[in-house]
Each structure stands twice: as C-alpha cells, then as structure tokens.
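To keep things simple, chains are lettered A, B, C and D as they appear, and every chain counts its residues starting from 1.
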Amino acid sequence: MHSINKLKIVNDPIYGFITIPNELIFTLVEHPYFQRLRRISQMGLSYLVYPGAHHTRFHHALGAMHLAGRALDVLQFKGVTFSDEERSSLLAAVLLHDIGHGPFSHAVEHSIVHGVSHEHLSLLFMKELNDQLGGKLDMAIAMFTQEYDRPFFHQLISGQLDVDRLDYLKRDSFYTGVSEGAINSERLISMLNIHDNKLVLEEKAIYSVEKFIIARRLMYWQVYLHKTGIVAEQLLIKLLRRARSLLKVGQNLAMSSDMRFFMEREDYQNFDSEVLHRFARLDDSDILWAMKQWVDHPDSVLSRLSAMILNRNLLKISLQEEEFSKAEIDHHLQRVSKELKLPLDEASFFVFSGSISNQAYHMDRDAILLLTKKGDVMDVVQASDQLNLRTLSTPIKKYYLCFPKQIY
Amino acid sequence: MHSINKLKIVNDPIYGFITIPNELIFTLVEHPYFQRLRRISQMGLSYLVYPGAHHTRFHHALGAMHLAGRALDVLQFKGVTFSDEERSSLLAAVLLHDIGHGPFSHAVEHSIVHGVSHEHLSLLFMKELNDQLGGKLDMAIAMFTQEYDRPFFHQLISGQLDVDRLDYLKRDSFYTGVSEGAINSERLISMLNIHDNKLVLEEKAIYSVEKFIIARRLMYWQVYLHKTGIVAEQLLIKLLRRARSLLKVGQNLAMSSDMRFFMEREDYQNFDSEVLHRFARLDDSDILWAMKQWVDHPDSVLSRLSAMILNRNLLKISLQEEEFSKAEIDHHLQRVSKELKLPLDEASFFVFSGSISNQAYHMDRDAILLLTKKGDVMDVVQASDQLNLRTLSTPIKKYYLCFPKQIY
Amino acid sequence: MHSINKLKIVNDPIYGFITIPNELIFTLVEHPYFQRLRRISQMGLSYLVYPGAHHTRFHHALGAMHLAGRALDVLQFKGVTFSDEERSSLLAAVLLHDIGHGPFSHAVEHSIVHGVSHEHLSLLFMKELNDQLGGKLDMAIAMFTQEYDRPFFHQLISGQLDVDRLDYLKRDSFYTGVSEGAINSERLISMLNIHDNKLVLEEKAIYSVEKFIIARRLMYWQVYLHKTGIVAEQLLIKLLRRARSLLKVGQNLAMSSDMRFFMEREDYQNFDSEVLHRFARLDDSDILWAMKQWVDHPDSVLSRLSAMILNRNLLKISLQEEEFSKAEIDHHLQRVSKELKLPLDEASFFVFSGSISNQAYHMDRDAILLLTKKGDVMDVVQASDQLNLRTLSTPIKKYYLCFPKQIY
Amino acid sequence: MHSINKLKIVNDPIYGFITIPNELIFTLVEHPYFQRLRRISQMGLSYLVYPGAHHTRFHHALGAMHLAGRALDVLQFKGVTFSDEERSSLLAAVLLHDIGHGPFSHAVEHSIVHGVSHEHLSLLFMKELNDQLGGKLDMAIAMFTQEYDRPFFHQLISGQLDVDRLDYLKRDSFYTGVSEGAINSERLISMLNIHDNKLVLEEKAIYSVEKFIIARRLMYWQVYLHKTGIVAEQLLIKLLRRARSLLKVGQNLAMSSDMRFFMEREDYQNFDSEVLHRFARLDDSDILWAMKQWVDHPDSVLSRLSAMILNRNLLKISLQEEEFSKAEIDHHLQRVSKELKLPLDEASFFVFSGSISNQAYHMDRDAILLLTKKGDVMDVVQASDQLNLRTLSTPIKKYYLCFPKQIY
C-alpha cells in the first residue's frame, strides 16, 4: 500500500494525469517486463519522418488503460454493472495487450522473431506474469483470449473501436504533429453503451464514427504508410536479414548476446519461460547499437544499410497502383550493380519492390454497432446516410519500388 | 499612419494574433458599418444550445481576412505573383464579404428584410464604402462579383474551399466546444496553389480535403442543424412574422425606430443609401430588446413566443426522413388549440413542420481541384480512391415537426 | 426526472463537457433569473479590446459550478466526507454566486443601481429562489453568507483560491486569447485538501500557487485594467450619469421601462421582490439599445458619448504613478471646451482623471494555506522561498487621465 | 537545390511546421553529426519521471532555429536590418549550439568526457563542420563565441532570454505534460527589439517576463530538479564511475569500442578531429546497451546499479535546506553495508549526499533589458514594480541524501 502512493499519478500530455488505480496494476507497471516498454518506440523508425515521434509502448499502454477506465465509468453511469475484479482485469489486459512487442515494434516482428506475432508474445507474457502473481490475471487472460463470457470486455481490448486505437491514433497524431489525424477519444467513449453484452455506440455518434474512420484513414496514408517511413522500415528488415545470413556463414558480427540468441535461431515456436526472458531483454538499443558497430563491417551491404538508416540517407521510393514491371526493377538493379560495384543479388538489398495496403473499415469482422433511440442495433454501414462505408471497406493496395538516387 | 499603430494587432484565441496590414484595411475596420458587426452574433441563437457560441461577425471577418493573407503568402512562396493592390483588394473583399448580415445573422434574413440576401447587402455596403473612399474598393468589388480577370481571387472569397469556410468552421468549432468539427485551416492553406488562374490543391491534400468535407458535414448535423437550434430559429422567425402582422392591423409594439422602419415595410428592393444606413443601425440588441418588451404584450402569441426564446423554454421537435402527415400535425394543432385556448391559426405558431437539408460537397459548382505532381488537374471526386464524394454530393433532406410538450 | 435528460450535458470549450448533476441544479439553470445571465457579458466592454471576449455570466457560472464538483471529487478521494445535501448546496451556491450582476457586469454596478453591490443582489436572488423552491437553498445560503459551520465550503465559493477565480481567470484568458494568463485550474484543484475544516493546498503546490498569483497579476494589468478597457468603462459610466441628469430635468430619453425605473430612482436600499424582478429584466441589450437611440439625441454630450462607445471611437488615455496635476487636467479641459464648443462642466465628460489599483495577493484576509508533509499548516507567504509575496501584497495604484485626441 | 525540397518542411507538434530555410541549413541538418542528435534524449533520464519526455536534442535544435527565424522576422518588421549572411549565420549557430551534447545530455558530461563542457564540444563541432564547408560557418562561429560586433546575435544564441530557453522550456513543458511550465515564446519574441545593438524587450513585456521567470523557476523545481530525476542521474554517474574503475583494474566490461575509448581515457584536453569523430558516434544507445549487459556482471555494485536504472527501481531521496550530518549519512551507510553485505566504500554507491541549486534570474550577467516608450533602457529588476526579482536572483541551494529503502 505504501509503495502505491509513490507512482499513483503519472503526467500525461494528452489526458493530463493517468492514475494507477490499484495494487495489481501498480505491480504490473513496476515489473521489469513492463518497464522494458520504456525502451521500445511506439512508432518504430517513424521519427525519421516525424522528429517528435519518440513516444514509447510504455506510454501508450498506460494511455490505453486510462481510456479503458474512462469507458467503464461511462458504462457504469449508464447502468451497466461489473465487479471490481472485472474492472481490474480489463485494465490489466489493456495494459498488457502490447507487452509482446519487440524492438522498433512492427519492423522487427518480421525479422528477429520471424513468424511469431506480438499478440502471441503478449499472451505468453501475460501467462508468465500470471504464474508469478498466483493467478491474479486469470480473468484478464480470459478477456484477452475471448474466453470471457461478457464479450464487450474483449471488444474494448481489441475491436474496431477499442481503447488501443482510441489511444494510439490520438497519441501518434499528437507526437507527430499531424494534428489532422486527431480523434476525439473522450467524445467517442462518452457515447459507448452495452447492448446484449456487446459494445454499441449511441445513434448520434454516427458522425463522430465517420470522422474517426476518416481520421484513421488519413493517419494510415500520411503517417503509418508514409513513403519515407516505408523505406526506413524495409531497410531495417533487409539489414537484419543480411546480418542473419552473414552469421549463418560464420562471420563475426558485434551484437548483444540476447540479440545473437534470436538472430542465430530459425525456429521460434518453442517459447518457454527462458526464451521469453531473453526476449524481454531486447529493446531498441540492441538494434541501434548493432547498426552503429556494423557501419565499419567489411561486408559492404551490411555497412551501407546501417549507415543509411543511422544517417537518414535513405533510398528513393515510387508508389503506384499497379505492380512494377520486372523490366523497371531490372533496370534499376543493373544500374545499381554497376554504380556500386555489387553483384546483382547484393544490389537487390538496395532495389526492391513490394506492396502496402490499407483498409479504413472492416465490414465483415466485429462491426461498429449503433443503438437507436428505439433500442434497435444497426451496423454503422447501414446508418451512415451518405458516407459510403461499404466503399471504405475495400482494401486499397499500393505498390512501391525502392532504389538509390542516380549518381551523376 | 499614426493611428494604424494603435490597432495594428488584434488578439485572437485561434490564430494568436491578427495583424491589420495597411491603412485601407484599418479604415474599413474602424468604420461604424464594420464596428456594427461586433454586435451581431455569428451563429444566431445557437448559444441557446452551445453557451460558448457568442462570437461575432466582427471576429469572423477579421479571421477570414487573416487567412486570406496567409493564403497569399503561401501562393507567393510558390511563385504566384500579384500586385500590392491585388493583395489589399482581396483582403478588403474578404473583410467585407459578410458585412450585409443583419441581426442574428441568418434568422433575420428571412423576416426583417424579407427576400434580400445578405450577399446582396454586402455588395451594397461595399459600394457605399467605395463611394466614401473615392474608389479604393473598385478592385475588391470586382473580385467579389467575379468580374476580376484572375478568378482565383474570387474563389478565395467564395468557393468550396474559401477562407470564409476555413475560418468559420474552425471558429464555430472552437467556440461551441464541438472539437470534432475542427479543421486544420493552416494545413489546407499550405497546400494551395494556382493553376490556369484557378485555385488548386496539391495532390497530397486529398486526405485533408476528405477530412474537411467530413468535418463540415459533422458541423452541419451537430451544430448548424442542431434540433434545438432549429426550434429557436423558427420561433424567432414566427415571432417576427407575428409582430409584423400585429403592426399591420395597427397595434402598438415597442421597438426601435430603425427596426420599425423595416418591420412596417413590405418591399426591400429599393435599398438606397439612406435605407442602407438605417439597416446599418440594426443589430442583435434590437431583437433582444423588443422581445423583452413584448413579453408583457396583450397578444398571447407574441408574448408567449418572446418568453419562450428569452427563457429558453422551447418547443419539442421530431426529425424524420419523410414528410410529417397532415394527420399528425393536425393532432398536435388540435391538442394545443385546446390546451392553450387558442384558435387553430394561432396554434400554428406553436405547431409547425418544415424541412432542412445539407449537402457536404457540391459536385457541379466550383469543384475542389487537385494538381498532380505531373501537372494534371483533377476533381477531388475522381481523386478520392475510396471515399465516395459522389454520394456525399447528394443533398440530404430531413423533415421536422415542432410542438409544445404535452401538459399532463 | 424526464426533463433532466434534456440538458444533462453542456458543451464547454474549456472543460469539454459540463454535467448538470441533479434536479435542483437543473431547476436553477432553467429559471429565467439564471437564463438572463446568457445576455450579460462576463467582461463588460472588454470585447472592444479583445474581440473574442463575448462570453457570458451564464457560462462562467456553469464553469465555476463544474470546478466546485471537481474540487469535491478530489477532497472525497482524499478522505474528506460530506453529505449529498452539502454537495448539492455548494454547487447551487457557486452557480448563483454572481447572479446579481447587472448589464455589462461591473460597469453598471456603479451607475444603474448605485451603491448596491452585486454580491448583495446575488443574495437577494438566492433568497427569492429559496422562497420559490420551498427552502431547498437554505444550506446554500448559509454557505454563501459564511454561516455554515464548515468554513471550507465558503472558501470554495469566495476566497483567494475559490472556484470563481479558478474559472474566470482561465475562461477570460481563453476567450481573450491572452494565453499567458492561463492558469492550470485542474492541477491546483488536484492539490486541494482540508485541514481543521479549512481549505489548504499540499505543500508541493507552492510553485503552482506562485504561478497562479503571477498569472492573475498579469491578467489584471493586461486585461482587466487594460487602458482601452478603462476608457470604455469610464465612458459608459459617464454616459449613464449624463442620462440620469437629463432625466432629472425632465428630458425625454428612449429606454426600456425597466431601465427607466432604475435610472429615475435615487435610493436602492429597498429591494423587495418586485424591484428584484424588474432588475432581473435588465441585461446588456438595454444599454446597447439605449445608446443606439441616444446617438440622435439633441444633447451633444449624450449623443457624442453614445457614438464613441458604439463606434469604438474612444478617448486617449495616459497612465502614471503620480496623480495628474490640476494644471494638466485644466489644460485639456480648456482645449476641449474650445474645440468642441462646450461649457467646461460638459467638457469634463470627455476629460477626466481617476485611479485604478491592483493587489495580486491579500496577506491579511483569508490567506492561502499550505499543508506540509509533516502536517503543519503555513501561509504561502512564509513558504515561498524566494518569491516575495509580501511585496506582491502591496496594492499598486495608478492614475489615469482621459482626453480626446488633439484636433489639428 | 533539388534535395532541399525533400526536407523543406518538418512537422512539429509545437510550432506546426518548421521550415528548413536554405541550402546551408539543409546541409547541416543532413550531416551525420547532426543526425546523431536524433539518438540523444533532450532530458536525459527524466522520462523515468515523465514518461512523455523522450524528445531529442535534434528536435530542440530545430525548434530553437525556428524561433531564431521568427525573432529576426519581428526585428526586421521593427526596422532592424541585417544581411542574408547574418540571418543564415544566426540560424546555423543556433542549430549547432547544442551539438556537443553526449549521451543522456548532462548526465554524461560529468562522467564520459570528464571536464569538457558541451559548449566547448559544440564549438569543436562547428569548427570541424566549418572546415568541411570551406569557411561557410565563419560568421556563425564568431556570433557563437561573442566575437561578432553586433552583440545581439550572441544574445539570441545564449542569454537570459535566448531562443534556446524559449524553445526548451516550452518543449519540455509540452512533452512532460507539466503544462504549468509552458511559456508563451511567440509572445515574448513579438516584443523583442534592438537598442544600441543589444537585445531589449518592449516595456509592456514586463508582466510576460515575470511570468517567464516564474515558469522557469517552476520547471526547475518540478522537472529538472525533480527528486526522482536527481536519483536517476546520480545513479548513472555512479555507475559510469564504477565501470571506469573496474576497467582500470583490468576487468572485462562489454561496451562499444567508442565508449571504451572514452572510458579508458583520463585526459580529454586533446580533442582532435579523430577524437571528435569518435565522440560523434556515441549516443544514448551506448549507455543503455552497456547497462543491459552489465546487469549480469559479477561485480555486484555494477550489476545492481544497472538493474536499478533499467527497471526503475531507484533509491529513496530526502531533500532539505541544511547539509546532511555525517552521522545521518553514516547511519545509512552502516545499515546498507550490513543489509547488502558490501564493504563501506561500495555501500557508498548506494548512500550518498550532494546538493542542487537553482537561480531563477541572474542579476549580474546579461540582464534582461526593457525599452520604455520614451526610449530609455532599464533592467527588468528595476521595472518590476512588485515582483522582487532581486530576491529571485539569490541562488537557492538544497541538499539531498539518497539511500535504499529499509529492508524489513
């Protein structure tokens, strides 16, 4: 009890204050597994585009938990009842929903622990913490895994209008300075309700939901899928892939022993407690540190990629709606191979294409529901008189081609 | 020159400071015709719904002029050239674009000077001021009336992305506290350009334009067409209509002589200098003052309507997509006639129906154009990959029915 | 009960939402006496300096009530207990603390109801409302008049750190755009506590209190005692004085009957229910309306003063630390008498001097107290290690001289 | 020219946009020495107290440069003239004023490059860049070193009201969420002027200056000298000291070769180009990475200190106005020595005292000057009628004692 008072309140530029509501949450926040999130950037390498974007997973997790508390307050005010344990479990589940993220969040999901999603790792962390806490997270885990019998708790953790999104869209917009992406989280939350144990919004929320979907769409194209951001992320993935193949052929590469452990491994299915503990020691500094050492490595692909990211000397990128032709890619490959004096397979680290896609709203899964004054429930897609949410549900796919600027 | 320094800078909660850029603008701002706008509420009776909404036409006009200056700065930075006179004329035209508004802005357009639009009155004011200033507003007037040969100046004054909208949407959202309606005016302006003497936006503005249109749509439904706001506005129109008919039959009604001048008149086509000068003496206080006197008037319709508005004791309102049936209206009329002991024709001041409509984007007139990197121009409707702006261009019509609460 | 839902929540640009917490408060808000405050400007004529400053007593009263609720939440969280009636009474008292203000707030206190303070009128209104509500405001009145036996309730209503100041400093700073005057009301409230039934602040609040006092000082000099604002206010006082003396000699002046009632009266001590009801019919529009009529009045002092205020064509003002010499005043009087062709006693309506004063902190009355971690209480004056609050307690007096610009 | 367009505009949550004004500034920003600042936290370990405080030296440097540009705009508007080279040089000097900061800003100044100030290193960097750029920074360096003959340029770079402070106080307040510390940089800048080649403020700025000084004072006590922040910083200094002594006795410690280079060195006076280049490879990740490896080191002092910082499991701290007695310190030393089974000299890594001090305003050096309307110049200390700035100029010293919580 004593210790609680010390961290009871956390300053937050967005909500003013975030209160740590009870001993369980305090214990989780204090845990080294959670403190680690202070060293993991929420937006990966996006700070190369938006220099303000250095906020962390730690801060986002606290923010989402704060919104979860606000959502429960609103629901309670409207007559929804729940136990103290349910409240605490929801907050715990929200707090831990992203604890499985590795260095630079998404970028590394595809390279360091290839094939293991951060959601899966979050669950492993929760189970480990649950063991340490003697089962106090049983209900939180059930909510997280959709096994709890009041589905709205899961929807608040993970859904099309969950507190995760409500926090990160607002937070990312705030820290990047892309103020157009700002959503009014508090307003949306104030219109939440429960119907048949499912999350719904009051009918009048329709215009706010539309604006939320459009703001999210804007954040995707302008921030999360920003051209320079794509280049940086792809370069990091290529770099780690290169490092991995150099390790395989026995080359010496400076890196932390924990990072080496994962970089030398192929199979990540067997994530026991010990492997998890090693994973929990990784953060952004492992990657940054390694890149800084690799700048001097004799392998020119490795050193060049490292320097490009560190010094923000990135590739050019073209974006279009059709796939790039093999001819166009080959043209760049040939050119780069000649200019940089690299064999074609190594030139492909600097010339590559791929695709990104974005879907503003998912019609099929977990629709956002409105509750009319008469007590009927309808999908926002039906409710929106004009904004064609059906169209907004079509995924948009774009193709990119990255290549170095021509040397004159 | 001396006097300029006195009012050079005006504090504005939204833009920080607004600078009065030159002597001409200073003279216009100082003119009693413009100072009058300090006493005309920008949003009519909307403060009965949003208690913060007491900002005035004066402040909005300054804000729009400020944005016009910013727009010219941006265009100049991009290589568009214009003379000092063009700059000054644009600012003057923007400053005066709404000077023709009467008391409570739109409400009274339909009752005090029946059939004369505020745009027309603005032009009359401009011409009058131009006479007083020896022709210094010639070019401003040409820009306002679309006769100036560089059409983009007119588009900045009046178009689907003019500085009028860019200011009032932001300002109304700010003062009402409906923060979801906020638009990023500065961002949109930073993406303006000129192509073939027409206003265009850089291609990347597409998501910002989408958000602008959605925010505008939200402001319409949530603020400008708010149910309680409709009731208040309609009651005011009914009240003035009643007053007018009482005057016609020779009843005595307290009001200012200027107001009486217009209330006793039927035809407003002949707006000479003198009539205009009288009009310029009207402001919100004429209406408020009259209502306060009428509360004690023997005519129960007049006194009741006055008290309803003053004490915010308004009618109920239903909104629906189909017209209300005659039966339903009659039912209320009969009830109210009985409850209030009024003949049916007088009951109709308290039971009435009508319609409102809203069109988020107009496809046909003055489309918002995007300039692609390749130099092509296209309508945002084409450019928006998903958001069906075509659908958003369909006008939405809703029907309302107002009636007093049942007395039990 | 039904009706509550209609106005349950009010949008506020500052706090987001203000909730009407119960039936009693709802009834008070709905009362015509309270609705009247919608037509009384919070900052008098300050909008002639800061065009955004059109917010009303209505909005401020709601805001202060909102903060009172927040303060009680904080105190409750810290273990202070109080009954539902105490909560409701505090909110009611705060809501009504300024209900006695007349047109243009302070300006008219000195001219329309000469010698009757707005606090006294507020109490009369509360008693009248209490009669209408069958004694439901007994406790609120006791709190307001310092007769309630838990003095901290009164301190929240009226003291050096009351919710009145916490709201108006923030609100006035917001609407004027003088963002430097902004105080962090929520932060200060979060550090409130009760000790020996008196309001105290946690020790760590010391720097926030310092900043609060400095911000208040800044708002005084920059806003409340702004030179142009002083001129405008004094001109209004002079104007009403002139009107009063013209009435006395039997001249005809257009004005509302309610305004005439007070303008023809000398003695305001006998404020019975009926007089109060008449007073409750006055608002800003009475003054504005009268000025507009008086612009054409044959008395050149009356007409000139009216036009000066309406068209913001104000006097010049000098400010200094010593009294202005009789010689200097006379010089201007003579000049103006000649230029305007007015006898000296009438010239004195355009040439006059006076003084203003400002005291950032009052040491003697109702000190702001800090509660140390060890449980001791001390005056902020002692606690502030460096900021000499003792010096800030000295009232600062400045003298002004107003006069018309020289005509060349 | 081509490349400029790419990074022309940077998003900034505080100022909206920051423009890179010319080719020279662009080249500097692109330089790896400057890009390195992206990896150096502006506020050291303060994010352990304020989780939002992850902004970097990179962002602050851009912000300060932006304000320098605004200051020049204001001065130019007021008739001060300067050449394009002067403008560009000022911006360059401001941009680079902090480039000499090492990992975690101040913390490491005392341990990694013991005895070499960051200002000195900034100058070395400027000279190095000047060599690379063929003398283009000559004037910027002269301004930085006070050798340029218009002293106000230096005052904008470094003084009691320089753009450095104007940016960092605002930025740190923004990112920590300590909104009370916010200053109105734009307002202060708008009141700048030059008199006798020295920076002055218009007289009316006095209240804003007062508020600036009080806000700065608040930020010091609440943020920069926050108790938990002091503990974290001191622990980091102790940790590096321990590492250094272990290296000296030949122990093996994982760290980057660049860090080792500095950790094994005693004398830093000879900072040639090569040493500087090595220094430029250090950033926060070197420290974080090393700590993570050291957690497993056999030396229990090293491992324990590392874990304490990483997991935010810090020491307790007492603060008082008198020095702590030897007896009190010894008491804790003895206790900790016993509890942790450490010899006394090693226990002193966990029990230590020291002092901090804070001076809100410096009267002696480079006073803030006000320019009266009559053209006189006076020190703000004289001008402030009440706020005793003389008292605020006394340095305040406090003593701290850090120790581990008692184990029960």
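Here is the rule we use: contacts are C-beta pairs under 8 Å (C-beta built on N, C-alpha and C of every residue); 3 or more make two chains touch, one makes a residue touch a chain.
Source: prediction; values computed, not measured.
Chemist: For subunit A and subunit C, what is the smallest step count along a path of chains that touch one another?
Modeler: The least step count works out to 1.
Chemist: Same or different, please, for the subunit C to subunit D contact, judged on whether over half of the interface numbers appear on both copies.
Modeler: Result for this pair: same.
Chemist: Once you find the CA centre of subunit C and the CA centre of subunit D, what distance in Å lies between them?
Modeler: Measuring from centre to centre gives 44 Å for this pair.
Chemist: Need the CA-centroid distance for the pair subunit B / subunit C, whole Å please.
Modeler: Computed value for the inter-centroid distance: 31 Å.
Chemist: Would you mind pulling out the distance in Å between where the CA atoms of subunit B average out and where those of subunit D do?
Modeler: So the centre of subunit B lies 50 Å away from the centre of subunit D.
Chemist: Quick check on subunit D: which residues sit in contact with 2+ other chains?
Modeler: Residues 16, 179 of subunit D touch two or more partner chains.
Chemist: Just say which it is for the chain contacts: an open line, a closed ring, a star, complete, or other.
Modeler: Complete.
Chemist: Where on subunit D is subunit A touching in the complex?
Modeler: It is residues 10-14, 16, 30, 32, 35, 38-39, 47-48, 50-52, 54-56, 58-59, 62, 174-179, 254, 256-258, 281, 283-286, 288-289, 292-293, 310-313 of subunit D that touch subunit A.
Chemist: Could you please specify the touching residues of subunit C with respect to subunit A in the complex?
Modeler: 16-17, 186, 190
Chemist: Subunit B touches which residues of subunit A in the complex?
Modeler: Per the touch definition, subunit A meets subunit B at residues 179-180, 182, 184, 187, 207-208, 210-211, 214-215, 217-218, 221-222, 360, 385-388, 391-392, 394, 396.
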